[in-house]
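In what comes next, subunit A is part of two complexes: it sits with subunit B in the first one and with subunit C in the second one.
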Partner chain A sequence: MLAAHLDPLAASLFSLLAVGSLLLSFVMLGSRWLRHYLYAFAAQSWLIALLSAAVGFYGNYSELYIVAILTAAFRGLLLPYLLLRIIRRLKISREVHVILQASSSLVIGAFAVIFALAVSYHIGTALDLAGTVAVLALTVMLSMKLIGFQMLAVRHEAISQILGLLVLENGVFLGAQILVPGMPLLIEIVILFDLLVVVACFGVLVRYLLTHVGTTSSLELKRLVG
Partner chain B sequence: MTVRDVILQVAQVLTTLLLAPLLQGVILQFEERVQRGQGPGVFQPYRDLWKLFHKQIVVPDTASWLYWAAPIVAFTTTLTVPILIPVLTNFPLPLSDMGDILGGGLILTLGSFMITLAGLETRSAYGGIGSSRAVMVTILAEPTLILVFVGITLLAKAMLPFVVNHLLVAEPSVYWGPTHLFLVAAFFVLLLVETDRLPIHSNTHIEIYMIDEARILEYSGPMLAVLKWASMMKQFILYTIFSNVLLFPWGLSYRGTPLGVAGSIVALLTKFLVVACVVVVVDTIQSRLRFYRYQEPLAASFLLAILAIVGTQLS
Partner chain C sequence: MSAIGSLSLAMVLAPATAIVLIMVIGRSRPAEMINLIASAISLASIMAILLISPVRTTAFWNGYVVIDGLGVWTILCAAIVYFLASIYAVGYMRLLGEPERLHRFYAMFAGFALSTLIGPMMNNAGLYWIAVEVTTLISTFLVAYEHEATSIEAAWKYIIIVSAGISLAVLGTILFYWSGTFVLGPTYDMTWDALRLIAPRLNPALASLSFLLVLIGFGTKAGLAPMHTWLPDAHSEGPAPVSALLSGALLNTAMVGIVRYLAVADAAGISTLARGALVALGAFSLFVAALFIVRQSGLKRLMAYSSVEHMGVIALGFGFGGSLGVAGALYHMVNHSLNKSAMFFGAGSIMRAYGTKRIPSIHLVGQNYPVLGGLWLAGAVAITGAPPFALFLSELAIIRAGLAVSHWLLVALIAILLVVIFVGFLKHFREMYFEEPRHKREKMPSISAWCIVPMWLSLLPLFVMGLWWPQQLWEHFLAIAVSLTTATSTGSSP
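== the complex of A and B ==
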């Protein structure tokens, strides 16, 4: 396993990139403007692309460079561009009725991170990996998943929900880059295209919602039809 | 324990005492210049203190012994803390092991607590408002402060500022690691909050916006000078901890020779200049937050401290 024996500077770099992307998911959690979520998501994807390249460099996995380029191009440019088009069409620039205030959701997110910390600490001790980048990657992965879930739960604008889903997926991808860097290239490409399909379907769904319901907020979707 | 070490320890306290108004003056002057004003000059705080020390004391009728004790205690606490932290030397001096980071925090909070009591004690309306606001800000800032301390402890496996300093100098991988960088960011927010800067504290002197100043509105003359000096020294101490322990652990005297100490004073001034410039930029581009949004920068800082703790899993 690459993460178990790295030189300290590389480990610092990996963990800085991982914790940086965790920080960006908190930026998404704390801001109210949809456009800021999107920029934070794009920046997070670029960080993850950098991380892939760094793992490829330090672990001598040449195919990870391709993964890095694909990540930057798809998650960092194409998906944000598509979502930006949807946002422009929506004429909604922020969450109007917030369920949780920004600072409260930040603190709840922080507690989610503490929970992830405890879980991965136990896993790390059980697997004899304590004190390596692997444990940290596990923490970041788990906490990004929890934050993604939290964004899905407390936000009700459709755009925020898809971004929550994408954050969740970014978390899994980040964890995979550090924990199992030798993952076949084909799987990565499949995941990227999956995401593309998700966003495309979502665009169609938003149009449908706008024409039939008149809103994209899930607060309005209370009546059962059918 | 040698005579030299005792002299060095006294020199640390004197440095804090004498250079604290200069730091305040530099920040205020730079702010004026950035905002295209003329500015009163970097030595204005010294002139203010001189003026106040030559004025008469007016005591409210409602004042008791607490009114007199509070400035003295506040000033004494700020004179005590420089003994515990690396101001000039990077090796512990005779009395430096009296307290660790938590001890220093406790002593500083004691001074702030006495001023809060004094603000309540004279029964003026503004003193009460100021005290209640100051306590609320403290309540919001305290969890972050404790988490920053926990982060430092997990990072260096010790709570002594000297150990943290040595570790950061010796290991570049720790210095550039996420734990340290996020601790710096979290501590910077705390620094802004604790030294009366925007986004929480207003920089206009109107009673409505005052937080810390409203507590000392009833003081005049030399007592006011002592309180102002104490708050400038508190700012100096926090800047020292921020730059000498966390941000720039280099440039301290290794052997304690006079030349080294002089060099470390120059280095200290340079570091403070850098930090002060950043603070001036923040003060200029930030607007004051509304009262009900005070928790937002502190929640962000709390979060940064948590991320720092996540980063400590590495070591």
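== the complex of A and C ==
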């Protein structure tokens, strides 16, 4: 497996990119402005694209260059553009009602990372991979999952929820680049397209919410209970 | 190409062609018939496949598509519901009175059915995940079809909760792939068979983590509590044919994934954890369903919680395992698909006739609608697991399987919950049938035969199968149960 015997330069490059992406999800947690989420998400996607290319270079997986280009184009440009269009249409620039203050969100996020590290450390020891970049990749993957779920739970603007889901996806994708670089290209491309369709569907639904329900905040979606 | 190949192609191509034709023609009346014919072709093809090759596993298209016992059985359930719901939709959707966009409903309906038919055929774990994701995307718009505030709200909650859940399944899938790379090298095709064969050599810690993630992910889609929260909203707010398809087809399609991964977990030697988790989710689903059924006032939400209950029962059957448990779960799958379709059809018609979704506003169903009322009441008795209907037999088989492998206290708890649901569910029907309203209505609208016929079609087989569990069917289930464990026995002694 690639992550087990890397030269130090490659290992530190991978770690840098992975940790950078994790930091960007904290930027999303700490801000209330929708545009900040969006820029952080775009930057995160570019880091992941760089990571794909780096893994392709050091691991001799030429097809990962294609994945890198597609990631940059889809996740780095197209999805942020689509979301930006939705934000413009909504005329909402930030979360209005905050369930959790930014500082508390950051603290909970930090606990999430510690928990993810504990799980990954356990798995890494079980697989004789302790201390390699694989453990870091697993940590970042699980932390971004948890942070994404946290965003879904405490944010209620429709856009923040979509971005929360995209963070979940980004986390998985980032981890997959390091852990399973040889995953069949077909699957990766289908997942990328799938993401595009998901965001398009969300776009349509947000428009429905606006015209038929009159709100895009999930706090006001409380007709259906029990 | 072999007979099975052409039949499965016909089964898939029929709805696919229907979508194209419906969109090209663009009028509602032809769309109804095209969709109905497509559903009949799909059902006929899958029945032919079942007759030709009971449980043989055949792979097509470089091994990306697989026709095996479990898959065929699940597809059969989906095709039955698709056919019944297509008949019902002809009568029901005309009531909504929007003929200008009705053809789009049928195109999406065929697309949704197609996605539930394809899911169980996927041989590659990654592609299966994508098929499940596609079912969500299409059905979201079917749930939102009526464009009311409540249906949009339901659609939004549905897509957010299920996408979040299913993203855990993709994480689990990737971790399974990763654990396989230690055995098979960096690039391999993650087919179900490949996974089961290498399972004994997977790292148990990693396999446990992956299985739990996959279970929660697909469990969200299968409506197992506590991840079921999208289900009552989506099932109650979509049009009735969509509710039937969601409940009778989609939930099973997601359950297939859990069962296939469960076979991998067995082979990996983590069956105590895996089965324990599945049984816990199943029992908890029963518990949650019992609570919400007893105090329910929404008609279709009542049916939706009953789906949570029955998916819990199916999960228990597969979780207990053994030939009895698997056979019971498979039998329960088809019984639930038939029965819940009839219940949603009845609920949809009653809802339209009385103009309300609230149980307390519905009275004297039996007097106002003798035929529909009689069928619906029989369906209600059946869905609570009372004899002489087939659900009684399948639930009994699952409980017996539970007694064989599990502590009797757990089984007793399950039995008590089933009784609570029986009482709670039928209490609502007593109110709807036998309580006098405060002010009587004089004229009730009549209900089209399109809406009654599918209820006959689903309840008659249920009655027959309740009196007589055919020997061939029993043997077929046993063969599927064996096919789920064979790779285990070859795998454990490599």
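Criterion: the second predicted complex is superposed on the first by the 224 of 226 C-alpha atoms of A that agree within 3 Å, B and C clash if a C-alpha of one lies under 4 Å from a C-alpha of the other, contacts with A are read in each partner's own complex, and residues count from 1 in each chain.
We adopt the following convention: a contact is a pair of C-beta atoms (placed from the backbone, for glycine too) under 8 Å apart; a residue touches a chain by one contact, two chains touch by 3 or more.
Keep in mind that this is a model prediction, so the values were computed, not measured.
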Side-by-side fit of subunit B and subunit C on subunit A, or clash: fit
Which of subunit B and subunit C A:33 touches, first, second, both or neither: neither
Residue contacts with subunit A in the superposition, subunit B compared against subunit C: C
Touched partner set for A:168, first subunit B, second subunit C, both or neither: second
Which superposed partner A:65 touches (first subunit B, second subunit C, both, neither): neither
After fitting on chain A: smallest Cα gap, subunit B-subunit C, Å: 18
Doubly contacted residues of subunit A, that is, touched by subunit B and again by subunit C: none
Complex contacts: residues of subunit A adjacent to subunit B: 8-9, 11-13, 15-16, 18-20, 22-23, 26, 30, 102-104, 106-107, 109-110, 113-114, 117, 120-121, 124, 130-133, 135-136, 139-140, 143
Partner subunit A, residues of subunit B touching it in the complex: 171-174, 176-178, 181-182, 293, 295-296, 298-300, 302-304, 306-307, 309-311, 313-315
Touching residues (chain side subunit C, partner subunit A) in the complex: 124, 126-127, 130, 133-134, 137, 140-141, 144, 147-150, 152-157, 159-160, 163-164, 167-168, 170-171, 174-175, 177-178, 181-182, 185-187, 189, 203-206, 209, 232-233, 236-237, 292, 295-298, 301
Touching residues (chain side subunit A, partner subunit C) in the complex: 1-2, 119, 122-123, 126-127, 141, 145, 148-149, 152, 158, 161, 164-165, 168-169, 171-172, 175-176, 179-184, 187, 190-191, 194, 197-198, 201-202, 204-205, 208-209, 212-214, 218, 221, 223-224, 226
